[in-house]
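The structure that follows is given in the form of structure tokens.
Each chain gets a letter, A, B, C and D, in the order it is written, and its residues are counted from 1.
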Amino acid sequence: MPKPKSKYFPKLREQLFVIVFGTDTRAGKLFDIVLLWAIVLSVLAVMLESVREIKEEYASVLFLMEWSFTILFTVEYILRLMIVSRPKDYAFSFLGVIDFLAFIPTYMTLFVAGGSYLVVIRSIRLLRVFRILKLGRYLREASVLTDALRSSRHKILIFMGAVTTLVMIMGTLMYLIEGEGGGFTSIPRSIYWAIVTVTTVGYGDIAPQTVLGQTVASLLMLMGYAIIAVPTGIVTSEIAQAEKNKKMEESDGRVCIACGVKGHDDDAIYCKNCSAKL
Amino acid sequence: MPKPKSKYFPKLREQLFVIVFGTDTRAGKLFDIVLLWAIVLSVLAVMLESVREIKEEYASVLFLMEWSFTILFTVEYILRLMIVSRPKDYAFSFLGVIDFLAFIPTYMTLFVAGGSYLVVIRSIRLLRVFRILKLGRYLREASVLTDALRSSRHKILIFMGAVTTLVMIMGTLMYLIEGEGGGFTSIPRSIYWAIVTVTTVGYGDIAPQTVLGQTVASLLMLMGYAIIAVPTGIVTSEIAQAEKNKKMEESDGRVCIACGVKGHDDDAIYCKNCSAKL
Amino acid sequence: MPKPKSKYFPKLREQLFVIVFGTDTRAGKLFDIVLLWAIVLSVLAVMLESVREIKEEYASVLFLMEWSFTILFTVEYILRLMIVSRPKDYAFSFLGVIDFLAFIPTYMTLFVAGGSYLVVIRSIRLLRVFRILKLGRYLREASVLTDALRSSRHKILIFMGAVTTLVMIMGTLMYLIEGEGGGFTSIPRSIYWAIVTVTTVGYGDIAPQTVLGQTVASLLMLMGYAIIAVPTGIVTSEIAQAEKNKKMEESDGRVCIACGVKGHDDDAIYCKNCSAKL
Amino acid sequence: MPKPKSKYFPKLREQLFVIVFGTDTRAGKLFDIVLLWAIVLSVLAVMLESVREIKEEYASVLFLMEWSFTILFTVEYILRLMIVSRPKDYAFSFLGVIDFLAFIPTYMTLFVAGGSYLVVIRSIRLLRVFRILKLGRYLREASVLTDALRSSRHKILIFMGAVTTLVMIMGTLMYLIEGEGGGFTSIPRSIYWAIVTVTTVGYGDIAPQTVLGQTVASLLMLMGYAIIAVPTGIVTSEIAQAEKNKKMEESDGRVCIACGVKGHDDDAIYCKNCSAKL
């Protein structure tokens, strides 16, 4: 992020920028840690509020926490808007919207009364959990994982397409075989069962009762058992590749003394760039 | 597929061929996309028809959709038959049969009245989902996956044989241990339970009640836990190999004309073995 | 297996040996295939006998099948005993005992009357399924799998030890937390639950009811989720190694023209045995 | 562990040290094996005591076993304290504390009477199971596994963080969709359900009932199915690396004195690079 151009209070603004966006100074680190705890605690508070017993007993504590966090997040949001050089870009970025949605629902509860609307509005506060993504910059290790997932994107999609086709066919088949018995009341519901089975989740709320149905279900399970090997194979192969690439980047191979070009193979005798003997 | 020899309307026929079978022209792409959506929507319609509430409320809409898609698929089928140079080969190919089965059941419902026959005939329409396989030609990435699966075919089969033997023995054992209790009423049913357990699906409709039964079941679970590693290992190893082969094929590297050594980097100017200019 | 020394009917005995033990001649192959089907069908018959409806309806058919297979297996067993040069070694080998147990229970049912003994005796017939292992000799591919499993034996055992320790500790913990509620009535039963959970089988017959219990269970599930990666990693790594070794054996590297020694590295310039230029 | 300096009975003390801590002599091995069995049996005894039927029937046997093991472990503990040169260091080490907790609860039951305290005190005895960790020194193979897990520590943590975020968001979503139906009575409970689902455990005590809920659940299952590939990929890649490193350390290969090239085969006579005699 480019440093903001000084317009008003240039000195103060720059100092705030270092604290709010930076992670190098002590104040910057402290700001990050306080904010992280505020996010985690505010999310926990909203979640605990959904438990009836807790809500009834600790109503006032939860109310106090909610408004404290809301004011804290509001201040932080305004601060960020003031500091950055392009406030609009921040406000409409993914994290900017999340920051906004983290405090606005609490204010909305003042104007909206009652019922199901309130539940939805309150639930939006849970989107605060996305703010944890801000910590992503600390995670160097994550790059290997995201690289591996990104380059296996296409293969995973194809795999998912194959699984979707499989569960559609098997779900329909089971609907025809089992009929109303055992909970296979419609094709979409049978497909839901097929997904529950092929992913080896197996709730047991829908389960085949006929011998033929159990035979087909057994086949589906064994297929799911073998199929799960495919995404694992894809990701493993990609992670191994990503790690190799990372290592390659870190250690650049042999250097030619004559021309300084790096990256010669281990068995090279002459420099590939200037033909000097290595 | 070879271009059709012109017999009647050679010009028109060739143009239609490009649209129906080709994917390079704009009309060809549009045709593919429209067809894909028709397939997806028609499959969804059949599936939703199995949900009682939807069937009762939207009966006329579903009826209209069904006949629209049927006529569209009929036209497409006749078009394909007319265009290809060897209609018989197309009609008896896997995709040709699927194309035929996609529309014929709707016509059959006009002649067959009532009951279970109708359900089966209507269900055949769901085979339309196989038509999605036509999109396979877009998927270059899929080749690594199918190559890996093909070359691990034998090992997966052996593995499946071993699992089958295991569940037969463990199922019989549990039938002897548990008896009628807990749902182990016959050996086939016990084998069904063993498959549900070893694949870690675990519905819970059949579960051991005795201490000995639970001990044997625990062993089976731990075995299943370790066994699942085997197909994963096989497929991973094959995918890694398939990817390596693909990369090898793509870049066998440049060859030095002077000494014949292969595998030079893309940016190499001189041979790394004999220092000759590449 | 060494060819038998001729004692009586040397010519006939040798011919029978080729048919019964060999797989190269047409008669030998036919013998194998007939036997395989007999094994599969006889096992299926015993299994179906345990289903009450089938047993009642097809009693005479099953009775006939049982005695046909018993006589066939008896003849085969005596034939093998007569042909091999060391009958004792065969009779007490693993497959020899299985061959014997495949037919003896049927004769025993003539002398034993009634009840639970009969069930056990009849069940022994199911050991016939082990005879399928004789087909192992056809499976070249299996060697990679068994090699990989053999060399990862120690690691899998250590892993199983770690999992056992984990489920013992977690099972005890859940017994203390949940008490009688939710089915955690004793420590062994809680350990059974822990195994059902960590292996992701999840029957649901025993499930935590308290908030603390569900929290600990969640931790156990996430651990099980990460732990399953370990055996997969071990086996994958071993399979990759086993395949590499197999390939190495097949293609022996470069050959020295001077001394004929194989297995030189790809980057070797001089023969490692006679120092001639490669 | 350094040998103890002789203060009193130097000869006896040294001999005891060899037996208690050593594994080379016959007496030392015997001591280890006896202790291992004592640990396993004492843990089993405590576990079986929790089964009501066993406790009632075999009360006196269990009582006798408990006190025998307690006295044995007490003697062993005092012996260790006396032998080691720094008793304090041992007493406050992890295994020292476990050794102490293995026998002290039995003595405490003499002074504490009744109820829930007794249950907790008795349960502490189960910590004996940790003493099995002492066997760790026999396990050379374990080093590859622990190395692999240690170096994939960061990645596993990131992965766990991602899974935690996912289950929090999906759990909240399902709470909003399903409401009180199907057991989604609070957000924490819905998150518990999400964990049960994404890890493919699937108890079935909480299961979505609405069509929308089942659709979202299906998505979560398929995600869990693909996500499980990530830790497997990480660990596999690390194990492969750890094994390679281990092999590399073992055989860095022989070095040619003439040219310094490493990695010659074990049977090589001449340097593959400069043809000098090795």
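Following the convention adopted for this analysis, a residue touches a chain if its C-beta (ideal position, glycine included) is under 8 Å from a C-beta of that chain, and two chains touch if they have at least 3 such contacts.
Computed from a predicted structure; not experimentally measured.
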{"item": "Angle (degrees, nearest 5) of the CA superposition of subunit A onto subunit D", "value": "90"}
{"item": "Interface numbering overlap (same over half, different under half) for subunit B and subunit C", "value": "different"}
{"item": "Label of the chain whose CA centroid is most distant from the centroid of subunit A", "value": "C"}
{"item": "Comparison of A-B and A-C (more C-beta pairs in contact)", "value": "A-B"}
{"item": "Equivalent of C-D within the choices A-C, B-D or A-D, defined by over half of its residue contact pairs recurring", "value": "A-D"}
{"item": "Centre distance in Å when subunit A and subunit D are each reduced to the mean of their C-alpha atoms", "value": "30"}
{"item": "Approximate Å spacing (C-alpha centroids) for the pair subunit A, subunit B", "value": "29"}
{"item": "Cα-centroid distance, subunit A relative to subunit C, in whole angstrom", "value": "42"}
{"item": "Multi-partner residues of subunit D (at least 2 other chains)", "value": "159, 188-189, 191, 200-204, 228, 232, 234, 236-237, 240"}
{"item": "Residue ranges of subunit C touching subunit B (in the complex, touch as defined)", "value": "43, 46-48, 50-52, 119-120, 123, 126, 129-130, 132, 139, 141-142, 144-145, 148-149, 156, 159-160, 163, 188-189, 191-192, 195-196, 198-205, 228, 231-232, 234-240, 243"}
{"item": "Parts of subunit B lying in touch with subunit D, wherever the complex brings them together", "value": "200-204, 232, 236"}
{"item": "Contact set on subunit C toward subunit D in their complex", "value": "154-155, 158-159, 161, 165, 168-169, 172, 175-176, 185-189, 191, 197, 200-204, 207, 211, 214-215, 217-218, 221-222, 224-226, 228-230, 232-234, 236-237, 240-241, 263-265, 267-275, 277"}
